[in-house]
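Below, chain A partners chain B and then partners chain C, in two separate complexes.
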Partner chain A sequence: MGHVISAFWKGITYKGGPGHYAFILHRLTGIGVALFLILHILDNFIIMFGEEAFAEVLNLYANPVMRLLEVFLIFSVIYHAFNGLRVIIVDFWAPSSHVQRTLWILVWIVVIPLSLIAAWFTLAPIFGLR
Partner chain B sequence: MAKVNVTVKILRFNPDVDEQPHWQTYEVKDIEETAQVLDVLHRIKWYQDGTLTLRSSCAHGVCGSDAMVINGHNRLACKTLVRDVMPTITVEPIRGLPVIKDLVVDMEPFFSHYKAVEPWFINPDPPPTRERLQSPEDRARFDDTTKCILCAACTTSCPSFWANGQYVGPAAIVQAHRWIFDSRDKGTAERLQILNDRFGVWACRTAFNCVEACPREIDITKAIGEVKKALTFGTVDF
Partner chain C sequence: MSNRTELSKFKFQGGFETWAWFFMRISGVVLLLIAVFHLLLMHVYIQVENITYDVVANRWTGAWGPFWRTYDVALLIFALTHGFNGLRWVVDDYIHRAGWNVFFKALLLVIYLTVIAMGAYTVFSFTG
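So, the complex of A and B:
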């Protein structure tokens, strides 16, 4: 565990380029999505205790805090997917290493609007807008 | 030439007395802004604190012995000018290798990864009476990776290497690339086999820190990508 913390500390204190931060965010969003997946499997399991218990758990997701977490989840999925494509391109098409910064900007051009649209649909009910 | 005063924060560690590394601050006055960070460190060692330990040799970016983390980024102290990092300069040993003392790290794990890729000429054919000739195009194929000076700035900036020191690291892959793509060499299959491992090229996560850190401006990620491609398609002719 100490080794993992030490590697993480080296990662966040090192001043790398965009690729470095793309790498860190890729890990964080990956862990986030994996944690949600565990939560998702657990909440589905609740149906074993009856429909009412299941509905009660699902109601928790309508809570503003959970909705905000869902926005982060959607962002994580979208970022992880598109940065993953960037990594595949860089891995298998060597000349792209010269345009990796541009590819990183392209990732954000796709990720930001998609995340904002998803955030609108997820958060609007809190404010009674949908 | 303009002279400046700088504050230098150095991460120090003496295994005989310290349990943990600690920061020590020095003030260096009247130093030319075009001086190297290595000059600053020498000024501290020679005139302020003789116990400061560092490694350097040619002082001109050729020998690769003074790689260190300067202001959070891997650089050669002899290729970094004071004016580019002043007024406060932080200096740490390169990361991921055991610190022996202050800025000196044990390079042995790094060199054992280097040796693992068999970085020498392999060709069992009887040597010709003259040189083994090569076309300029064939020579250009691996020109970029001949520039490596084994300073370890790339490998010790790599998150995959920090996470697991068993990863051969970018420098060893660069050295392997130099031979894999050399038309005179016959050890290609052997080296590709060595690198076709979870701690070989596949541990590269394309964070590009190596490219940003390389003092010789080698396009390391491209070289690693070419090795990955050679492994995937089973050929070096692309």
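So, the complex of A and C:
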């Protein structure tokens, strides 16, 4: 197990510039969303046990702590999606480093507002807003 | 990542890993549309505090039922296949000892098949 941890640590502390941080974040968000997806299919499966059982599951998600984790999930999906699109564009088109910089900035210009909008709709009800 | 990225500069040679690399790009574009739309639909349009048994039952058994069931199954298959192939890459990157490498990948395959079966069962056999 030790070499796994040290490989991971080297990955995180390696000084590769923004491209490397983009990759680390892409990897962490991808793993996070995949783990959520397993949970999500299990929670949906409970609908087969009827209305009351499903209501209990939904109640678990209504907990403020869960709503906060949900905002984290929203950000993860949106970052992974638009950074993934950037990776695809760079792979197939291989633009100049100048264009690559612009693409990286564009990712955040899309990801931040979209995440904030979805976060507002998710969190506002628990503060009695909206 | 750099190794995979540089693949794009080579001639297309086929083989499982090249197809897997290609599939990640294709499914990525598909998921950009259907997974992001699913997320925004649930949070911004329906809004999570309004989700109930009836809401889901109406979506699956109403006039648009066949559409949403197809949509959900497409999401299920694309997201899980993309996600678990990604996890397989992560295992290959960090777990080098042959026995553990095979063990974790076999575990991923078992979870993948189980979860896809449960998801498909839910979407197709729900009657309300």
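Of note:
Methods note: the second predicted complex is superposed on the first by the 121 of 130 C-alpha atoms of A that agree within 3 Å, B and C clash if a C-alpha of one lies under 4 Å from a C-alpha of the other, contacts with A are read in each partner's own complex, and residues count from 1 in each chain.
We take it that contacts are C-beta pairs under 8 Å (C-beta built on N, C-alpha and C of every residue); 3 or more make two chains touch, one makes a residue touch a chain.
Remember, predicted model here, so these are calculated numbers, not experimental data.
Of the two partner chains placed around the shared chain by superposition, chain B is the only one that A:Y14 touches, whereas chain C remains out of contact.
Once the two complexes are overlaid on the shared chain, A:A62 sits against chain C while remaining clear of chain B.
Between chain B and chain C, C contacts the larger number of chain A residues. When the two complexes are overlaid on their common chain A, residue A:F92 makes contact with chain B and with chain C alike.
By the touch criterion defined above, A:I117 reaches chain C but does not reach chain B. Of the two partner chains placed by superposition, only chain B is touched by A:Q100; chain C is not.
Looking at the shared chain after the overlay, A:N44 reaches chain C, while chain B stays out of its contact range.
Of the residues of chain A, those at positions 4, 7, 23, 87, 90-92, 94 touch chain B in one of the two structures and chain C in the other. Of all residues in chain B, only 69, 71-73, 95-96, 157, 159, 162-163, 205-209, 211-212, 219, 221-222, 225-226, 228-229, 232 touch chain A in the complex they form. Considering their complex, residues 4, 6-7, 10-11, 13-20, 22-24, 87, 90-95, 97-98, 100 of chain A touch chain B.
Taken in their complex, chain A has these residues touching chain C: 3-4, 7-8, 23, 27, 30-31, 33-34, 37-38, 41-42, 44-45, 47-48, 51, 54-55, 58, 61-62, 67, 70, 74, 77-78, 81-82, 84-85, 87-88, 90-92, 94, 114, 117-118, 121-122, 125. Interface of chain C with chain A (complex): residues 1, 5, 8-9, 25, 28-29, 31-32, 35-36, 39-40, 43-44, 47-49, 51-53, 56, 76, 79-80, 83-84, 86-87, 90, 93-96, 111, 115, 118-119, 121-122, 125-126.
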